[in-house]
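Before anything else, here is the set of structures, which you'll find just below.
Each of the next two complexes has subunit A plus one more chain, namely subunit B in the first and subunit C in the second.
For the complex of A and B:
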């Protein structure tokens, strides 16, 4: 087989790659340089006007980005801590181990939109069961309409929904750890806490970093929870970047501008995750 | 997606021919939905449709999710299929996605749907992709019964683009058993020194709502509240804000625009009238049920319809829900025009006029249209005509969840609601008169904004007003922010383009 034949066999794969990856990104780039909207649906060329607008005249996008950072970092941190805890519980031989493993995974297997509707019903301030119960203690938190508490409510739903994913990855990691370091620690007389901090946690660092990055990527796209739970409100208290891009693109039909928002957001995310990954490696692996 | 395939229209025709007279009973036996009226003669009656044969043809409809508008669309599709032999595919879409689900293929030059359901204020953005309603439908007897307001709402520059299937307006709903209660009237007088009556102004509305907020005034063991309103961001809240704004800002002596100054295309949204309305609205957060700031339309309907609040204002649905047989407050509610104000802003003189003002808001509502690129224009228009025929329409308006509301002159007869829906005669009279007055009595109406990029303008209003409701900004700051955003949108789309479209709505308002 000569050199040309090799390329011939690669061609189908390359074409698929072109169709599903390169073309959409290329088209988005082109779209971001146009003013395509509901009134003028065409790929005209307006240069970097959309990007200038974004960087000089759209504080709302950057506010939404700040909010997203807060929500995603906080929820992923909580998911990691809780997920690790649950994984440690079912890692050892305990009664009903299989039952608990499945039980802990259930939230992740439910449909996010449907579950968010149920959470919204729970937290409905005048008709929901949560405040109905709390009213017996003369407490009626404004879960969805307080500027501060609504963020907390979004976090609760996100942590509930996605902790199982973290649990699943960390449990798989725990189950794959070698036994020798634990035996050595045991012989040296290390207790469970020292074993965790000096053996389990360092050994789990690479897996933890992978799990955290995967979840951060997912959490940074948070959209359905916000859409169903609060519509970004009250005011703009829970509006995140992806929800804002959704509004500009599919509510206001500013396709050109939303393409510019999406690409900028993508670049920021790539840079952010690269830095976060390096920091995590530094802290969790090399720090060891 | 629902697929409905009909039996041959011809076979039904034969059956109809055998039964020598086309009686109402014959059709209501087959279609129990119209059991109260039977078929009603007309160009698109059951009898007329049974004479059409669309066997082998397929009609695809994009409509709203079940039940509001989605349920009647599917029901009438099933009936239409049975009568004509057509295959009808009904696709249900959430309200927020109706615009984009049609607009994306429209812009791509595709026609996946023969009929698209949506809101009447989509008209400016959609019109170039829609087939105007043919003259034979515009001139038919059935259409002559449609009120002029709803002909206007569905037309663009005199040409009917959308097919009238529903009527919508915002009006006040109140608990008649409370407002008319002599004990409460006395209590209110004693504590406030004022009369308890149907609120004539938004200030009265606020005072009464605050008075009846947070205590069990209907003795059902539950707390009741002052008002249920659509305050959730991006859930039609901007329409509620405009309803509160019209009294302060629509001055019958000032022509040339409510939302913009038509001459300069300067936004008027941050004028003192709008700011006063938003200030009232922020105050209203104190007398809505807990979490009321997050109420969407569904919450509002359930809250007032379920007997939780004294007042409500928006579309008909909350009133119809309250008057259904299964409602705990059936025949305990009243309808009235939107409250007015004791002063109205004059933007020409730049001062308040201390005179009572009231202005109906003919808010947009459900409508449907036929795609220009559809290959089944005649069948599609026949379906819409059948949807809105007299028998179907009268049955539909009796079912609250259908979301079909009065828009025909013949709808505004009190006896219709007394005989068919068991309403109290006084309430039915008040309801019919209130709606009729809004349709034909007022000379100070406001029509919805129908300009290119309407969603950008409304989205800016929703964002700004929701910031004020959440306490993030003062009413003036919030509306200044909205006005600044509106200016940018006007600049982007072009002031002349917006003016040209806006002038059509202004002409309707100023002609009065």
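For the complex of A and C:
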């Protein structure tokens, strides 16, 4: 189908988006080639010096990136497994089915920073309920100030917040599956476990891939949670890429350098998502 | 075997429910506490563990000068920015999604798929990448610290979501509907708003809910781009999270800010159970 006014539909949205974005992106590119900081706030031209510094002399950026990869891959994996499990359970008959469906959706409706403020009081090392209960067993884990445990706390909060999103996408997928393959499987006498691995999981593969990629994209932006929960600390133990760029740009006001960080980070992200998407398709579709 | 499976199932559901509810229960309990019952270690049940009072809730509409929090204005700022941003994004996004789903576009090597990807790929951009240029750009147009400036930024945040959901939705609405209407003598513009639009209400509602969720829960842009004149709810509440945190008013404020969207969970579930959501979400 085609008609001459088709641009009337497309262009308003496209132009608005381009108009808002063209300056920020162009400006970031230009900024990354300058040494703009709080001492010298001007757009000079220093070539690729910022990029050289980033690749040769900034271990902290790469550590933050490694930490981010660990955090996002682990949390998205947990969200997928738990979300799929919960979706499978409330997909079939269960007491209070609709109540549980609503309840499992609620965390994704809440504002991450605000719930993180609550989580922070929840995991408070001397006044919070978690350590109060654990004190009966004579342990007092340092949820927020231990290097290893603080990463774990960030993961708990992320899993709480975003498993519902995975749950929603997967449950919507399960509810849209055709009935025939399941009938065929039950006629063939397949039990629940075999039905899952030979019917449900393969049928859900495209939806799973979509959901995992969407979540990975969102998870790669982890920053609000870290900002409120630990401020990247203790030390740099929970610092993610976004948070590091935020510190360089809006705390230390090294605008030029943080622009170079942003662009490098963005390009790494686009490349990794393309690779991850291809890998996931290969992995899950070959499983059939 | 069957009994074991059923009990495991219920165990999993109950455990997860406790995990989901725990922070809310803690916040409800904390919101009725005072300084004493917070700083003397964890307490849980009102009247048993501590004497409840309404200080935390009263603080919500007192001005900061009186030791309050005043989240009334930030609340309505948040409502206004989220609603306007979502509305503009839905209108522009629905139009663009319809075009991308029904018509063919070609410009050099660019095809429909590439344009759709351009829209959706905006979600990959971490907010921090855009924050500094937005800061400078809004400053140039003196839109820093204004509602209008935030709405502009929210369009970038929300339009990709609207386009993503609506392209999928329109792809599932049979083209025959459009064609029949064309044969009946409508022009393509009439086809859109007389035939296609009424049939797309479920998709638009789902897209609208997602825009509302991601708009309402955003923190970073309002944190960077506003200071004193305009404050959104998340920023106002996180500002309480300082060295001496008033846990009681913090909890009360958090519950107020979370409540409106919990209602959205009920709507989403209704759509889910009626099977309308699977058409709009892929």
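Definition applied: the second predicted complex is superposed on the first by the 271 of 288 C-alpha atoms of A that agree within 3 Å, B and C clash if a C-alpha of one lies under 4 Å from a C-alpha of the other, contacts with A are read in each partner's own complex, and residues count from 1 in each chain.
By definition in this document, a residue touches a chain if its C-beta (ideal position, glycine included) is under 8 Å from a C-beta of that chain, and two chains touch if they have at least 3 such contacts.
Being a predicted model, the structure only gives us computed values, none of them experimental.
Participant: With the two complexes superposed on chain A, say which partner A:231 touches: subunit B (first), subunit C (second), both, or neither.
Facilitator: first
Participant: Just to be sure I read the superposition right, which of the two partners does A:250 touch: subunit B = first, subunit C = second, or both, or neither?
Facilitator: In the superposition, A:250 touches subunit B and subunit C alike.
Participant: Between subunit B and subunit C, whom does A:126 touch in the aligned arrangement: first, second, both, or neither?
Facilitator: both
Participant: Determine, under the contact definition given at the top, whether A:140 touches first (subunit B), second (subunit C), both, or neither.
Facilitator: So A:140 only meets subunit B here.
Participant: Who contacts more of subunit A, subunit B or subunit C?
Facilitator: C
Participant: Just to be sure I read the superposition right, which of the two partners does A:172 touch: subunit B = first, subunit C = second, or both, or neither?
Facilitator: Once the two structures are laid over each other on A, A:172 reaches subunit C alone.
Participant: With the two structures laid over each other on chain A, which partner does A:21 touch: subunit B (first), subunit C (second), both, or neither?
Facilitator: The second partner, subunit C, only.
Participant: Who does A:5 touch here: subunit B (first), subunit C (second), both, or neither?
Facilitator: second
Participant: If I apply the document's touch criterion, which positions on subunit A are contacted by subunit B in one structure and by subunit C in the other?
Facilitator: 126-127, 131, 250
Participant: Would you tell me which residues of subunit C are touching subunit A in their complex?
Facilitator: Touch residues, subunit C against subunit A: 5, 9-10, 12-13, 16-17, 19-23, 26-27, 30, 38-39, 41-42, 44, 92-93, 95-96, 98-100, 102-105, 115, 119, 121-134, 136-137, 152-153, 155-156, 159, 163, 175, 178-179, 188-189, 192, 213, 216-217, 219-220, 224, 233-234, 237-238, 240-241, 245, 247, 250-251, 254, 257-258, 261-262, 264-266, 268-269, 272-273, 275, 277-279, 281-282.
Participant: Taking the complex as given, what residues does subunit A use to touch subunit C?
Facilitator: Touching subunit C: residues 1-3, 5-10, 12-14, 16-17, 20-21, 23-25, 27-28, 31, 82, 85-86, 89-90, 94-95, 98, 100-115, 117-122, 126-129, 131-132, 160, 168-169, 171-173, 175-176, 192, 207, 210, 217-218, 220-221, 223-224, 228, 241-243, 245-246, 249-250, 255, 258-259, 262-263, 265-266, 269-270, 273 of subunit A.
Participant: Along subunit B, where are the residues that touch subunit A in the complex?
Facilitator: Residues in contact with subunit A: 96-97, 99-100, 103, 107, 125, 225, 232-235, 289-294, 296, 299, 302-303, 308, 452-453, 455-456, 459, 463, 466-473, 488, 492-493, 497.
Participant: Residue numbers of subunit A touching subunit B in their complex, please.
Facilitator: Contact set of subunit A toward subunit B: 35, 37-41, 57, 60, 124-127, 131, 140, 142-145, 147, 230-237, 247, 250-254.
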